[in-house]
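Should a chain be cited, it is by its letter among A, B, C, D, E and F, assigned in written order, with residues numbered from 1 in that chain.
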C-alpha cells in the first residue's frame, strides 16, 4: 500500500503540507492495521478521548516538521 | 477546513509565532474531531487534568519549533 | 495573555534560556487553562507524581532545544 | 541481528524512505524482544488499540524525519 | 536555583555531554518540585517501573540532542 | 559508570550507529537504576507489553537521530 501520497514531500503551500502531514500519519496507522473496520471502530473510540486527540495532534506536528523543512518552510 | 491559518508559517514576532503554534495544534484536533460539541465536552475534562495539559503543552512546543525555524528564530 | 515573555527567544546565557523554556511551557498551560485555582490544584497533584514530572521535564527539553538553536547554542 | 536493512539510510524515493522508517521501528522492537511469538501476540493486542497505533505512528514519524534529512528530502 | 550547571552547553567529550544531559533533566524536575523528600520518594517508585525509566531515558535523549548539536557532535 | 560507549558518536556504518543508539538508551536507564536485578525484573515485564516496546523504540529513534546527524548520515 502507498505510504507517501504522490511519493513527494514537496507541496505548493503550508496548507497542502499540513494536509500531507495528516495523510502520512493516517497511512502509517493503516499500514500497521490494514483492517478498515477495526480502524473505524477505533476512530469512534479515540476521537472522543481528549488524550488520544492530543497524541494524534502530536504525530501530525512531527510529520509537519519534516514536510516544512523539506519545503524550506515555503519561503 | 483550514489547517494553517493564513496559509503561512511566517509571523512578525515570537509572540505571534507562539499563538500560531497553539492554533495549529487546535486545528489538527478539530480536523480529526469536527464535532464542536464533542470537543467542548473533552476540553472540560482534559483542561483539569495536569497530565493532559502537559501533553497539550508538548504539542505546542513541537509546533513552535517548526514555526521558529521557519522564521529563522526572528533574528 | 502573553505567551512569550519579552517577545524574544534571545537570552544572554544558557541559564536564562533554560528559565525561558520553563516559562514558555508554563504559559502554554496557562493559555489552555486560564483558571489559576484549577492550575494550583493540578500542580499539587502532578508535582508528586514522578511520571508527570518526567513529562513536564520533556516539555522543558523541547522548548529549550528551540531556544538553544535560536541563540546558536550561546557560542 | 540486523538493525538497518541494507545498512544505509539512502533511498530512491520518499515512499521507499517511509518503508525504511517502518522497518527501522520494527527492527528496534525485534531487537528488544527477539521472541517472535511474543511479538505476534502483542501485535494482535496493540493493533486494535487506537492509542497504541498512534504511538507506533509517532515512532515512524521520528524515524522518517531522520531518513528524510539523510536524503536531503529527495530534492 | 541553577538550571544549567556551569551555565554552558559546551563539554569536552560526548561522555561529559551525556552527563550534562542527565543533570539538565534532573534540574528541570527539581525546579518543578523543590521538595527533596518528595523527589526521593518518587524516585523509589519510578525507578522500579520500566515505563517510567523509558520515559526518563527519552528526556535524556532529547536534552542530549541539543547538547550534541551545541558541540557540533564533538567533531 | 560509562554513558557513551567509546566516548564518541562517530561510527563506521548506519548499522553500528543504530547499535550505539540502543546502547545509549540502555546506559541511560542503567544510570538511573543501577540495580541490575531490578532492571532484569523490569525487562521481563515491559518486553511483553506492546506499549512499552513502542516507547522503547521511540527512545532508540531519538538517539539515532542525533547519531545520524553526527555522522552526516554516513554520506
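The rule is simple: a contact is a pair of C-beta atoms (placed from the backbone, for glycine too) under 8 Å apart; a residue touches a chain by one contact, two chains touch by 3 or more.
None of these values were measured; they are calculated from a predicted model.
J.: Find out how few touching-chain steps suffice to connect chain B with chain C.
T.: 1
J.: State which chains count as neighbours of chain A and simultaneously of chain B.
T.: Intersection of chain A and chain B contact lists gives nothing.
J.: List the groups of chains still linked by touching once chain D is ignored.
T.: Leaving out chain D in thought, the network of contacts stays intact as one piece.
J.: Are the interface residues of chain E and chain F largely the same numbers on each copy, more than half shared, or largely different?
T.: different
J.: Once chain B is fitted to chain E on CA atoms, what angle does the rotation have, in steps of 5 degrees?
T.: 120
J.: How big is the gap, in whole Å, between where the Cα atoms of chain B centre and where those of chain D centre?
T.: 27
J.: Please tell me the distance, in whole Å, between the geometric centres of chain B and chain F computed from their C-alpha atoms.
T.: From the centre of chain B to the centre of chain F is 31 Å.
J.: From the mean C-alpha coordinate of chain A to that of chain D, what's the distance rounded to whole Å?
T.: Each chain reduced to its C-alpha mean, chain A and chain D end up 15 Å apart.
J.: Among all residues of chain E, which ones touch two or more of the remaining chains?
T.: 51, 55-56, 58, 62, 65, 69
J.: Order of chains around the ring, counting from chain B in the direction of chain C?
T.: Traced from chain B through chain C, the chains around the ring are B, C, E, F, D, A.
J.: For chain A, which residues count as touching chain D in their complex?
T.: 2-4, 7-10, 24-25, 28-29, 31-33, 38, 42-43, 45-46, 51-52, 55-56, 58-59, 62-63, 65-66, 69-70
J.: What residues of chain F sit close enough to touch chain D in their complex?
T.: 13-15, 17-19, 22, 47-51, 53-58, 60-62, 64-65, 68-69, 73-75
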